[in-house]
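Let me give you the structure first, and then I'll get to my questions.
When the chains are written out, they are named A, B, C and D in that same order, and each has its own residue count from 1.
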């Protein structure tokens, strides 16, 4: 894909019906738009339609600030959920961490090298362990310790910070606190978590210990959106690695870190590229 | 995908230009066709456009035997290469073998269980080793031994057999003869071979020996279309497996067989589903 | 590994203690035995020791029929569990099937080509669907239908058949009946099953449906020993394949079959090679 | 493996002969040593023997500074190559970089978190791009630019620095200069490189471009020791990832970075753990 010129990206999901592709593609081509990527998916068991289409803004016959309005007129009859994005508008991302540094380093180094296109206005943590890493990369670090008593109040502070910085995406990079349902409801399909197992195997705490105890021959990691059901949110991407009887729990943890950071960054990449749609707790990832 | 009702499948490739998706999708929706699968790809470096669209024949407003003519009228202005297929027309497949039985067994058992939808009117071999396997499955077996002197004549006999049975797809299931350029030219992008290495590593004969000699830690297999350049044809699919110093050449061969049969059957499946397009020696596989 | 000359294989497991490797390796070298493979493993969390050693019988100074006695004398002080095998004594294997043919074809074609070194005196099934496959390969087929009422009696007949044929290994190749605890107790760590999911995810029936429902991005298969706890026995080997939202349950089933047959045959291969030791529901696989 | 107490690690390779395992294991057990890990390998095609044995120093009857001498006496009759290491003696590692930061970040963050146990006294580069990263982690950075004219002299300076810091391991973390044969000869099997392809496919420069041009469906990375034959040194570890026609060269590069850093760090880990032996350009990796 040539990413050098700005593009518009339209994501749609709706009940399946005839004429969806032709309506949208004609809208674009009638205005001299050049489609650089189009993927659609029909889930025939759910009678649901999903589409992602990306076209170049250069030469497109509708002004950038008019596209949303034009689409609204066009699409209202279909009962669609849809969103419009521009490739040159950077997502605003907050990273939540606790103590482990591998996912944070991975995200920040990819951000630094341009592989993850986003702004990171702040890092939030319930501990101070990773403040030096934030400082290494010059990103403001907010320490908001959490106890059972302070949780509600601290989450309010978190939300205030997120609003202040117009955050649209939250990445939990091994954040070891469970977000309340209230918090999660503010950011539907906008909070990405890495779980250190191949879900639904080994949900909850200490999955590597459980995996070792069970004697599995493969361990995994899962990048998913956070819902109020812990470890039950829509899966974005997963990966695995083989292990053997020779490997202890600490070996599982060491090898698992490779998976965790790679899988999390991949999930974030899909999200930032507006490639993920969610329907009934499952994701459509136009990879 | 609901495969219970017959569908039409249109494959197109052409220079990229505006309006391709809307023209084709409007053609289908204007005739009340219901698209069950649509994938398109723009190769921006080659300025090339590829598309596969599949729609239900039930309720489609153009009679099945008129669709080809209608498309010809519609598409002639675009300079397209295109082909039309119907999901309930079974491809006619000839399997070529020599001595190893694993790929043959795999293809025949998948055919038998309905996982590979095709007719297999004949098996051709330069040896008789696998005649009992053909008999097990009740498929006519043609023994056409080949020497340097007889090769041209025997290939003529092969071609005559293929024509007699209206074969459209040839699967080389560890066939240990090199097809002449003349033969290959009769079946462009219709001959599927399995090469027992991760091409382009280890082309030619005895790739497992070469891989063992080089000390690789992963071995692979490659399913590809046959061209007159040996082991250089468009790759359809590849897969790999980890190996270690513990494993001898014969272990590589044993483990490699798993890859060979799986990769070959997968390549055949994509081909039978009309999911593969070829452009300048590379494949687009709408998986 | 040079497999052309017969070897003795000793498997041992016991509480970890000093001198285990030197005692056994000295026993072999003192009798001029040439070790071709030795692997040991200390599970430090369990304080347990495991070892597999394989040496050539040619030139070994102790007669083949005296080795067992000599080892008994040598090893009794260590409190070991141990077993002695000879590479040229073929395991006697019974295959249990129901309706799906892919695992059966895979096992039989590998047996036929010599990749799985075993005798298969019989195939047992609760249905007749796969009798033709057994006949293709010339293996006696026993039809023992099972209902809730007849289960106990039919299992007795199964056990009688297994005893009659001196079966030491039972392979459940998609056998869709649950063996009773009584049956399982007769064959500890001798019954190998393929479960069509990445255990412990999706135990029980219809795992592909559950996986599709959950929206996983990877599906798997697990080869394991059968215990009286369903789907909870020691895992021998596992493998996975990526899937996407494009794939329906029937696609999961089709792709899963590749995993099932490969993983099952791999588990059987390890077992036949006497490479698997079990300790507290986990396996040590000297791959 | 319990890594809490210091261990001795003996690596040996020699022509295969009887009594090797028993001699070494008896040496250890006679001095009340407790073996925590022992792996041996016989390459029967090469008649070569390889062994790695690790035992606890606590309670071992030979003083740490006497073990080398004792082994010399014991092993001289076998014609062995052997080396002795102590788990609490940290390897001294120099990292060479040029411009890409992903491998460097990965190595430094693993070092920082304790997953790679080593000292890194210096980073050497022919450019200044990554000096800020070295500063982030507080590691001295040496800028030694190289032109065709200055190469020999600059390599002398590099060698002087390496000697000054008693470096025993050199990691080329996307260092874009070819080391001279003279340099390489100073550090046999001590220089680890990451090549951004699945060797032997696509040696040389711009492998992702070549892979894309060829239309492969899998890309890889190779961690290997550097020899004077470019990209021909012994392979330590490799890994791969699937790609599709949708992905451009820049997508290959982005996804390839994940492989490169993971594979390089894994190769370094094996090396630091003294798990790699080299014989005739192939590696034995006791993973």
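Here is the rule we use: a contact is a pair of C-beta atoms (placed from the backbone, for glycine too) under 8 Å apart; a residue touches a chain by one contact, two chains touch by 3 or more.
It should be emphasised that the depicted structure is a prediction, and the values quoted were computed from it without experimental measurement.
Distances between chain centres, each the mean of the C-alpha atoms, put D farthest from chain B. Interface of chain A with chain C: the two copies contact each other largely through the same residue positions, with over half of all numbers used appearing on both sides.
Comparing chain pairs B-C and B-D by the number of C-beta pairs in contact, the larger count belongs to B-D. Centre to centre, using the average C-alpha position, chain B and chain C are separated by 35 Å.
Averaged C-alpha coordinates give centres for chain B and chain D that are 42 Å from one another.
Of all residues in chain C, those that touch two or more other chains are 1-2, 44-45, 246, 248, 287. Interface residues of chain A, counted against chain B in their complex, comprise 1-2, 16, 18-19, 21-22, 25-26, 28-30, 32-40, 42, 44-45, 242.
The residues of chain B lying in touch with chain D in their complex are 41, 43-45, 50, 198-202, 214-218, 220, 234-240, 244-246, 248-249, 281-285, 287. Chain C makes touch with chain B in their complex at residues 1-3, 100-102, 105-106, 109-110, 112-113, 115, 136-137, 246, 248, 250-251, 254, 257-258, 262, 265-266, 287.
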